[in-house]
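Can you read through this structure? Questions will come right after.
Note that the chains take the letters A, B and C in the order they are written out, and that residue 1 is the start of every chain.
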């Protein structure tokens, strides 16, 4: 393998039912940065059926070139035809770097492609950079051991250097309607016999009702300061707006306001959501033990000495009964 | 039906601590367990055994002490246990690991290969699909449920998606990667534990798998760890005593900054 | 004996701990509060073979050891003493005497169902006027043709209303004193047998402790267990085994209270530091930890002797005496370490302290254990 034959940063532009996934645009933003560091191009790989119309959006968000593989076999994501298409692009174009969103699709496609092309794949990277020394190494950093440890991975002698990337971590570029780029149709010879080994029967979408608060990504949690079931209604409205769940401290469970299955803390559940909004929770040690590992903690409490502020990323001393409904309204107007 | 379940011994990451000075894992006192997704996969296999009389084999690649999870699997009811262990296999990344395990599987007559979706120490979710690729077998990952159709030798699989699920049909032989959350693994039975130590755990070395040296172990690993370090602790946040209007602004900005909205 | 766990015991511990944490602990407070027999837990225990640990495989058991059975009682009691005693009474007081004294027919009839947990076992010795002085039995059994006819009552019977099989001790010839006592197997469907009142207890409130009533209760002749007139010895030997089970229960309660106290004292801050950092806490806890470990070794050595056919009567008495008194001491101090919270039902040590007390009383009070130990010492 002659490493100098490989160049440019390739992004798998994941779409579902003709709708580009956010992560695709996030990856383009990062790819732009990486490509610029090496004076290379950003190439988006757009696979599907009748999806060419998505190409301009990809260019607006940083792609210099969009390779479109349009085929009936690519209508819904299936492991084998997608692997064959990406492999054909690798063989023909020789990418240096390839980024794929760490979604259920990307985490299925990535390893299959890496094994077929006998190259390395870093999983769920949260940081990607080109080293600023002479080597210009591509460094991929990811959490391991349940997030306790970060590891920086290299793929020195194999190409492409592949990584799946966590959704929501990278920043997408603001859309630039004036950006220019080329759109290329790419033809793939599929191995239909191999593809026929797996058949899609149906895809079912469901609203996930996350009764298990330990699985929820966003929790709006209430304590004594919430008071009554009416108070929790306000929290529920905010949670719905944020796409999260409500949880509570022990005080509210004992008071019969909340179900025990939603209790956070030592005698309840340990949670680690992306956002934990503690409303009217003072933050007894038993409660903190169950939530202090949350990625972002915002606390609203009347008592400025409440211990919850010690662990909060953002603390608001104030009346949740005023702030929470106002915040909900604000988010609603932003949606529109 | 012959089923092979690939399992891994992992440190219980909920109990892992990091030495803040050196940035290394404190492994002392951390219990080793059977990886939860693998255990979920094993339960699916044992259910097929209960229903169709399938013969279930477990295989693990690791250090000799990984025998513990093989005994656990025997106590849960599997028929055969294989420990793939060899210095030559050490230092492997996911690709080299999958090459070695695929090599072992190639020597066996298998209808269904089950792996866990991912291991809690690495969280890569790569080894299952990569094994399938090396063996040129079809695979479905994120399996929540499966049914077997004896007449057509096909599996009907429910695959988890972020916003729902898919139902897929796959011909045997094939590979699935299972989710721990989809199933409640059975407990080892007391009699299973009593018998587990009378059964043989087969120990296989690299010579049993017939894979070129350059495809296994460190030599067969395209990736390498440049460095590892503990996750940065976040600095203490700020607390504001402001009007409700300003408070809403502060919160909205924070949510934007962290890509929550 | 080897003081470390074998690989097999380690695997067993892993299983029973996970089972206790996931299936038993979540119900412990509720079972206590509602004085409810945890039937669903017993069904789960049955499914994985816990109801027949030391029963040989030929009788449908797991073919395990008494050491393993003791570990199971300990680990269950660590999170729920009620669940611990259900297993202990079933195994030590019903399964064991049938295994040790039953005819082949009796073993075939009862052991598979008991070992699978389809049937639960119990043991009836204590009467209103025959507690520690067990020789004063007033329940009588009279042979009438091919049937024994039982009359009288038994009290404080663990598993009473949920059991299917009872080992019942009764007087067959009053003139012979303890040599006129015999043992019988009674099934709950036998005519003339009924369950009396259920006790309201201080602790182990989920275990069904009831009265057994025999009113011309007729059972087939072949239900006699062991030889005629040898019932007193059978009962005493059964209790020897049972005492190790209760010792393991007490040990589990003590260990559970230790776990809770270590956790709490590390978290609870007073005067600016955790109370675990105070030397008073550390020294007291070090003493308690030493006693708990000593109790464990006594329990293990007694079960080891039982497994290996070595006389263990005094060992069982020492294990029970020491474990029970340790459980009482540990739980009392655990409540003290928890302060006001420890006196409330918000923390499990309150329940553990109530549960611990019975271990100094049933299957021979601490005074009886001292008599047994002294009896061996001064014989």
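By our rule, contacts are C-beta pairs under 8 Å (C-beta built on N, C-alpha and C of every residue); 3 or more make two chains touch, one makes a residue touch a chain.
As the structure is a prediction and not an experimental result, all values here were calculated from the model.
Enquirer: Which chain has its C-alpha centroid farthest away from the centroid of chain B?
Expert: So the farthest one, by centre of C-alpha atoms, is C.
Enquirer: Relative to the centroid of every protein C-alpha atom displayed, which chain's own C-alpha centroid is closest?
Expert: Ranked by how close its C-alpha centre lies to the overall one, first comes B.
Enquirer: If you count the C-beta pairs in contact for each pair of chains, which pair comes out on top?
Expert: Ranked by C-beta contact count, first place goes to A-B.
Enquirer: Averaging only over C-alpha atoms, locate the centres of chain A and chain B and give their separation in whole Å.
Expert: Their C-alpha centroids are separated by 22 Å.
Enquirer: Any idea how many Å lie between the Cα centroids of chain B and chain C?
Expert: Spacing between the chain centres: roughly 41 Å.
Enquirer: Indicate the whole-number Å distance between the mean C-alpha point of chain A and the mean C-alpha point of chain C.
Expert: Computed from C-alpha means, the inter-chain centre distance equals 54 Å.
Enquirer: Using the touch definition up top, name the residues of chain B that touch chain C in the complex.
Expert: Its residues touching chain C are 68, 71-72, 75, 186-194, 196-197.
Enquirer: Quick one: in the complex, what on chain A touches chain C?
Expert: Chain A reaches chain C through residues 266-267, 285-286, 289.
Enquirer: Hey, which residues of chain C end up touching chain B in the complex?
Expert: 7-8, 11-12, 14-15, 18-19, 48-50, 52-53, 57, 61-64, 68
Enquirer: Spell out the part of chain C that touches chain A in their complex, as residue ranges.
Expert: The touching residues are 267-269, 346.
Enquirer: In their complex, what parts of chain A are in touch with chain B?
Expert: Going through chain A, the ones touching chain B are 79-80, 83, 103-104, 107-108, 110-112, 114-116, 118-124, 137, 139, 143-158, 168-169, 194, 197-206, 208, 218, 242, 274-275, 295-300, 304, 309-310, 312-319, 322-323, 326-327, 330-331, 334.
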